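Next up: the structures, one after another.
Look for chain A in each of the two complexes below; its partner is chain B in the first and chain C in the second.
Right after this comes the complex of A and B.
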């Protein structure tokens, strides 16, 4: 089912949680709503589920306007952050709940319910635990029960609110792979809320980056990571190094450092900030004149094939981060406290207009 | 010197024995906080002096009677009628309190309205009020010429209905105070989950909220019921104490005491004690049964 969100706004008292949100989700997409806490992502998810009502705007499932329809009628599967399992029911009864509460006419028979639940239990690999109570399960198991429960009613839309937020890193990785597979298998549209950029980049087909009740950027993981449209997106989707200065004839100037920015050749004395990811920073031993920035190495992280180097920029004392392959690191023979020269290979420039949101 | 060292020896021996015993029976589990022996000992002493000893006096006194005497006293038609009224009215009051106590707790937890704190405080009033005052007040209001009594088409005061009203009054706080924290701890998300799975509001209440509240409501019912059985002060005013009709068992015990018939009084008391114990045992069993699911094993 495709979902269309049409200029939805929502305020809680004086706090504007969502402001004029427009979003389209195609059938079968797995979409991540990504943003810091308080960005309105959970509110948006709850409005789609019908657990909260929008102050303004409308929501369409396929071409049907469902803005005024209650959560009970929307037939979406919702997975809560803290699972919200029924603690007085067994795993089996939890999963069967959505089928058992159907009106008598459309309620499946006892046998059918049993088959369906067992099928789902197999899917979430909890077959042996069907008689346990939620209190007897681990966090990951509870989350899987919550998912199975939501899937039991065969929803066309699956909504997940920080589904892996409370789990440890390993279980988390496993579960999100599994979610990806599940999503592909069931052919449903899924939206999940997360504040973990790695999670969003890893599983989603499409990422919606939100900040302060507004959408900053919509795109594939590659698009939002490689080509962030706003400083916020750049900052939120990974570590970043900032180079402040003034743009003049394609050069970003600060003190006696001049960085070449060919894309901005026509610029004339304007304030600007250059953004560069740590892996876009190269380190060399010798100064290459005005195009390089002198810095002192303050820390070296050596774990893994990529070496993370923390530096302090000379003169401004700004903190910088670089990532270089281990081979290169060995070749350079870097040590903490040494002075080196860094050069951003790629700089994305944002001018003050970009910051006014 | 000798006595001191003896004492020390004994202490050590007790300690060693205690340790061994606890290992064998598994009563004592390892705990960060010490003091199991001390607190447990104090608990036993406290309960013995305050509860068990006085109660055993009942058996002791009534055992001074011969069996025929005992049965005569206990099965006297007037006494039997009082059992019926006492247990019947207490059960009725308990059930009424269970239903409306849950409702009251629901309103107090779920909604905010002006004066909520005051209403919340009013709930405790039946605890604080001297029962005789409550009895007189209820009698005045429900008497045929009282404010409420004059509006009702039937007689309340000096009938079993009056007894039920008095017992409902004094039992009110128990259910409310037991259910309130449970309702407070209910997550809103659970209800939302139920709704998003397609359940109606009634289904959500019946299948999700009710099972969670039931153990607490039952616990409240037990307390209210137990309290009602022993209630004397508020009932004697509103019941009118007509033999065979509106006499409660505690009143009969009082009457016997006033006639210096201690054995007779304790005989009736013994019957009440045993019956109450059995009833509470059954209710507690039901409570355990409904509650067992929440306890992780």
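Right after this comes the complex of A and C.
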């Protein structure tokens, strides 16, 4: 089922949680709503589910306007942040609940409910735990029960609020891969809320980056990571190095450093900030004149194939971060406290008007 | 080598730190003070009630609790409790639901109002009803014209009892329902259940122990209420006397053995209530530990 969100706004008292949100989600997509806390992502999810009502705007499932339809009638699967399992029911009864509460005319028979629940228990690999109570399960198991319970009513839309927020790192990774497979298998449209960019980049087809009640950028993981459209997106999706200065004739100047920015050849003496990811920073021993920035190595993280190097820029004392392959690191023979020269291989330029939100 | 340090700590008995904090004699002193206090102010009066009740022999005791006036008082007391407790349960659930599941203006005022019966003297509560429904009261003329008796009749006693016992159940439910939040109800609704089914299958099972506990407290107070009921009852023997009023009348007539006999019956009811309360508490705690472990 496709979902269309049409200029939705929502305020809680004087706090503007959502401001004129427009978003389209195609059938079968797995979409991540990514943003810091307070960005409005959970409010948006709850409005789609019908648990909260929008002050303005409308929501369509396929071509049907469901803005005025209650949560009970929307038939979405919703997985809550802290699972919200029914604490006095067993795992079996939790999963069967959505089928049991149907009006008598459309309620499946006892046997059918049993079969369906067992099928789902098998799917979430909790067959042996069907008589346990939620309190007797681990976090990951509870999460899977919550998913099975939401899937029991065969929703066309699955909404997940911080689905892996309360789990430890290893279980998280496993579960999100599993969610991806599940989503593909059930051919539903799924939206999940997260503040973890790695999670969003890892599983989503499409990422919606939100900040202060507005959408900053919509795109595939590659698009938002490789080509962030706003400084916020650049900053939120990973570590970043900032190079402030004045832009003049394709050169970003600060002190006696001149960085070449060929894309901005026509620029004329404007303030600008260059953004570069740590893996786009190269380190060399010798200065290459004005195109390189002198810095002192302050820390070296040696774990894994990529070496993370923290540096302090000379003159401005700004903090910089670089990631280089281990081989390169060995070749250079770097040590803490040494002076080196860095060069951003690629700089994304944002001018002051990009920062106006 | 470093691993030895934490291992060494686990060998220390867990209780040692507590024992070190409080010397033995302090423990004993505190326990004896508490027990003496309990004995003087609770056990002794309770024993006295039973001793006095049987002072003139078992025959007088039995006569005292089986004569028609006593029986009528017992019946009326039970009737009042049976009306007041379910009504207050209903009100308590609705009030707690409204307060914990919805956001609305005047919520704090409602919470304060629920506590009002605790703050007002029961005698004043009784007087309020006399002023409202008595022959000189606000609705007095209309009630007289339609031949409806509230004051000095059973309805007045029921009303006064409901007023006095109103906070017990709501007060028990509100903190629990606040702690449990609304997400289970929301889950139920997204799964297609309506409001009634959600209440019946999700909310009620979650609050049942607190509800029962509140009902028992409410029941105990409904049976024992004296002040408010005394004002509205009119003390008509065999008609509008509840057990506490009956005891007072007997005592006023120097029938000490009979008064204490009925009092002993009420004490037994109270003890029985406490036993049920403890069982429920124990059961509730066990349930909680299963569900929240």
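Definition applied: the second predicted complex is superposed on the first by the 357 of 357 C-alpha atoms of A that agree within 3 Å, B and C clash if a C-alpha of one lies under 4 Å from a C-alpha of the other, contacts with A are read in each partner's own complex, and residues count from 1 in each chain.
Heads up, the rule we're going with is that contacts are C-beta pairs under 8 Å (C-beta built on N, C-alpha and C of every residue); 3 or more make two chains touch, one makes a residue touch a chain.
None of the values given here were measured: they were computed from a predicted structure.
Aligning the shared chain A places chain B and chain C in steric conflict.
Contacts of A:136 after superposition on the shared chain: both chain B and chain C are touched. Comparing the two complexes, residues 49-51, 70-72, 74-78, 80, 82, 84-88, 97-98, 101-102, 133, 135-136, 149-150, 152-153 of chain A contact chain B in one case and chain C in the other.
Against chain A, in their complex, chain C makes its touches with residues 183-184, 186-194, 197, 201-202, 205-206, 287, 290-293. Taken in their complex, chain A has these residues touching chain B: 49-51, 70-72, 74-78, 80, 82, 84-89, 97-98, 101-102, 133, 135-136, 149-150, 152-153.
In the complex of the two chains, the chain B residues touching chain A come out as 187, 189-190, 192-200, 203, 207-208, 211-212, 293-297.
Residues 49-51, 70-72, 74-78, 80, 82, 84-88, 97-98, 101-102, 133-136, 149-150, 152-153 of chain A touch chain C in their complex.
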